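What follows is one structure encoded as structure tokens, with my remarks underneath.
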Amino acid sequence: MITVLKHNATPEQIQHLIDWLKHLNVDVHVSHGKEVTVLGLIGDTSRVDMELLASLEMVSSVKRVSEPFKQANRKFHPVDSVVSVGDVKIGGGHFAMIAGPCSVESEEQIIEVAQSVKASGANILRGGAYKPRTSPYAFQGLKDEGLRLLVEAKKATGMPIITEIMNIRTLDLFEDVDIIQVGARNMQNFDLLQELGKTQKPILLKRGLANTLQELLMSAEYIMSEGNENIILCERGIRTYETYTRNTLDLSAIPVLHELSHLPVVIDPSHATGKSRLVSPMAAAAAAAGADGIMVEVHNNPSCALCDGAQSLTLAQFAELNKKVNRVREAIR
Amino acid sequence: MITVLKHNATPEQIQHLIDWLKHLNVDVHVSHGKEVTVLGLIGDTSRVDMELLASLEMVSSVKRVSEPFKQANRKFHPVDSVVSVGDVKIGGGHFAMIAGPCSVESEEQIIEVAQSVKASGANILRGGAYKPRTSPYAFQGLKDEGLRLLVEAKKATGMPIITEIMNIRTLDLFEDVDIIQVGARNMQNFDLLQELGKTQKPILLKRGLANTLQELLMSAEYIMSEGNENIILCERGIRTYETYTRNTLDLSAIPVLHELSHLPVVIDPSHATGKSRLVSPMAAAAAAAGADGIMVEVHNNPSCALCDGAQSLTLAQFAELNKKVNRVREAIR
Amino acid sequence: MITVLKHNATPEQIQHLIDWLKHLNVDVHVSHGKEVTVLGLIGDTSRVDMELLASLEMVSSVKRVSEPFKQANRKFHPVDSVVSVGDVKIGGGHFAMIAGPCSVESEEQIIEVAQSVKASGANILRGGAYKPRTSPYAFQGLKDEGLRLLVEAKKATGMPIITEIMNIRTLDLFEDVDIIQVGARNMQNFDLLQELGKTQKPILLKRGLANTLQELLMSAEYIMSEGNENIILCERGIRTYETYTRNTLDLSAIPVLHELSHLPVVIDPSHATGKSRLVSPMAAAAAAAGADGIMVEVHNNPSCALCDGAQSLTLAQFAELNKKVNRVREAIR
Amino acid sequence: MITVLKHNATPEQIQHLIDWLKHLNVDVHVSHGKEVTVLGLIGDTSRVDMELLASLEMVSSVKRVSEPFKQANRKFHPVDSVVSVGDVKIGGGHFAMIAGPCSVESEEQIIEVAQSVKASGANILRGGAYKPRTSPYAFQGLKDEGLRLLVEAKKATGMPIITEIMNIRTLDLFEDVDIIQVGARNMQNFDLLQELGKTQKPILLKRGLANTLQELLMSAEYIMSEGNENIILCERGIRTYETYTRNTLDLSAIPVLHELSHLPVVIDPSHATGKSRLVSPMAAAAAAAGADGIMVEVHNNPSCALCDGAQSLTLAQFAELNKKVNRVREAIR
């Protein structure tokens, strides 16, 4: 950690600061320049409160030179992590094609979608049981009944399943769920993360709407520091001033996260764009940028003339998307 | 709710959509124009999924004409709400001056700060016991011991106390806490909001880093829809591209929230700016814009030469700030 | 244009507003609902000031139902526009591979880079002569001498050239330039746009750092409304809170712009990411999302050990990128 | 400037970099740590391209320790600058109350507004002649005729006038204008800034929609480096994800700019909020935060029932606002 002091810091103040830092078991290397004095902090700086330090009157700026995440860091784990879910592997060259409906609605629906997306090439089934909604008056999902139906679809097709948890008190109900999803709004629900860290369930951790990639990795670290290393990172769009798309999908997250971390990276173009006609080009782009997986919403309402064109793909559109993604993956090898 | 259809929507599609909407018990008023057809949706539209509607191929756009929040809405409750906390009132002309340390550190610390800020004009004591931290390796607060010390300070000074909850499972420990704070990261932790809605505790609800004012009011609605109407809204800075301040304090939130809602609005300039020298001007500005209260961090380390200038104000700086805020409040009457 | 009035608007106010709108030669279709009154504005609404209308006390909201851009609009020009630059075509299936150094530095440099990138598959040469710099003390480019050297490279290789204009007073110097670039900071320099609209030069128009896609199309409209239809749109990253990359590359701009407009869309991953190691995955992603071209920075300093890894690609890295982009383009056909 | 090198930088690479930096006449102070090597760059680092340096493979990060602006910097000019405009002074305790219509429409209009706002306490008259508009089809202002009418109003009332320039080629027409405004969209139109730097006209420089405070000061530096020190900085709202207000007014800009620079700071709450009912609280807040002036839009259409509540204040509302702002200024002394 590098701390740059202001030019008007007095020798007494500087000594004060150095004593305090040494008290925290950090070695301090002082370098006096003409305009500024620079302190190099060496050793375990994890106990140094960077924001407090930065806010001191005498301090011009503070900079970490080592990333604050350890277990998620590629430096300490150079090889790609591979997360195993039943027979499916994610990361290190293995690709997750996750598909399924936004919400689980009925046994017929989830099983029909599951069979169809499996036949088209999906290897993991998604489906919402607990749905986070901005409004308390909106449909919140079938909840435990939704979980039960998802497990039925798993039995019927053999596909591993992924669904979102919203409250740690429902954890027992997720026993047969293969991957637990932590939604964007809960990315910094630290108590939830820590509890999930005590399980060995694979966790798909979505980036929050206004969170940096480093914060995403710090949240992964919360889970890993409790012992669970089965983390899949997921970019699903960030909030910007642009309103034409629901969010702005940040595909540079893929190479950046691969550089900083060994964890696999999955992209969710359905939630990011909010429009089904944008899902296919963004899925292809994600594959071209090196994603370890794609998660898309697919529905099966052949009689519902309304739903074509909504956020979810039809079964046929998904089959096309899967072929295209595979061709692109082949092209970048 | 107004739904604008694309010019190439077929009569069959339009009839399909109208039937579906009527099925949801919504009256539909159709208006055919040259370029577009507009559907006016009348009645209780809360069951209509606006995002689904907007994502239909045939739909150009959807617009709510009535706000989606009801109990938090000034339209249905024109008079300012006043939240009572012991003898202290907030809103409707009553001002909350909330002060205290970032974290509760020791009995001596919290009592000394409490006595001093009370003497300087504060009427509510703040102090962090459970601290949300980006890093799992950072200090997370004294937790239940911090809560206990805060209650000691309440007994010693008679001041009502406010502190943050991070996990609903600790709710029992908040019995003697007067106002429960929901932090920015938990603004859309809907399960937590609903549980707090089942209590009658005053709740200070902070705006999330990337949440709109409407989303803040929807989260207040989550609490109110469960029966708890004692809500205080709090603006504490939003995330933008500007890096000189920690966040960008959006003071226009004050008149906007007062226009949309009857709930009191408190401003936290300490977290928004991250620099104590910016706290006083922003507190004065908040008062000038009509805030119902200010919440600031104050510390008492006379021996700690380091801490002057950090995010927290000294006891003397707080006394000055309080006088200034009172003069500004007088000026705008 | 749809105007939603507040429920407390009086009949006199409504009549006032209707009279005023009719005075602007707009037909008004009134629809009274229980909660709101909706005015449908029909005809040429381009003279109606939408912001003024929206700011009226009695107005709840205003919504355009037809896009405010005409000549750039795909509705009125369903077929892809193809911009021709010498023998090179851009758009409608024709791909622009634009490469070259950030700044033109010397005749040797620009000619060597030009020959190399041409051999590797580039079909247009880029090079900065006038450089917009945040600081007045930074290097501003070789200016007219840079233009001259770029023209030399064009003669030597036969490649069309593109370079940025910063001031309309230098337009005469751009006679031999094939594509004039308008930089992100000048996207809303409306006087410059109008002057360029009076030429027939192909214009590459970059999206501003904080501009919406609709604003980009309105700026294209500024040029087109003066008679120049040779416009190429360029996404080069937008400003967000994320700091790991220089900007956030918004690749959903590609399908969105293709949906809204007939103009070709080129992506600049070099400026968006600021790091050469991110350029290749983002270029491949852009191709997968359907871009009509890529513009990348390439340098030729074999002796400069420093420069490897900087924003610019080496000649060898560009050759690899070009192959990869071609394979991806093949894959999505 | 501090440059932190990655731990895998080789001694040869480091020596290469040091040689290159010395070649730029910068002294380099090397500090080897366990994890990283830190280079302290001493002397005139203005010629060092910080972005290039940061993008080198071997470099982890680069940090300026001295601000890149010199003439705008308070360090080198500790006393507040006072800009004089006729008898009116701005900065250093002198307050500018700038008021007038959005656009100059007619001689009657501009003179009536001028007389009224002068009587209510305004000391500078604003009025748009050249109007930047997103759409080429929107009203662009009365242009030179607008300028002429503004000068008439100046003669009639003795008030200094301010209006916006959009194109340096019209500079001659601004001879009788007292303050030339550079709009948000032109904040980084560097050629325009440099030309204005060659005059001695006071310049009101508006912050761009997505520009940092440091970039605003760098643009002031562009003007000052050419010899014109009469700069007034203006915050007018930045673009964020919040859509209820037109922009987000960043009032912390006031104390921050006062800390970094000696230049006066004026706030424009009309454009920032887009709603007249938000202008008065934001103007009071700006005064409380220490602004050196306020610029607001005022109209005079007593017969136009429509216009009440629009972005502009009525004459009576302005009179109230002026009194309130004065009381707040008194309160913070």
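Just a few scattered comments:
Each chain carries a letter (A, B, C and D) given by its place in the written order, and its residues are counted from 1.
Just so we're on the same page, a contact is a pair of C-beta atoms (placed from the backbone, for glycine too) under 8 Å apart; a residue touches a chain by one contact, two chains touch by 3 or more.
No experiment lies behind these values; they were computed from the predicted model shown.
Counting the residue numbers that touch the partner chain, subunit B and subunit C have more than half of them in common.
Each chain's centre was taken as the mean of its CA atoms, and the one lying most distant from subunit C is B. Comparing chain pairs A-D and A-B by the number of C-beta pairs in contact, the larger count belongs to A-B.
With centres defined as mean CA coordinates, subunit D is found 31 Å away from subunit B.
Distance between chain centres (mean CA atoms), subunit A to subunit D: 39 Å.
Averaged Cα coordinates give subunit A a centre that lies 26 Å from the centre of subunit B.
Residue positions of subunit A with contacts to 2 or more other chains are 210, 239-241, 243, 277.
Within the complex formed with subunit B, the subunit A residues making contact are 12-13, 16-17, 20, 46-47, 49, 51-52, 54-58, 68, 132-139, 166-169, 185-186, 188-191, 194, 208-210, 215, 218, 221-222, 225, 239, 246, 274-277, 305-311.
Residues 210, 212-214, 238, 240-245, 248-252, 254-256, 259, 272-273, 277-278, 281-282, 284-290, 324, 327-328, 330-332 of subunit C are the ones touching subunit A in the complex.
Taken in their complex, subunit D has these residues touching subunit A: 2, 4, 29, 31, 33-36, 38, 40, 42, 60-61, 63, 65-66, 239-241, 243.
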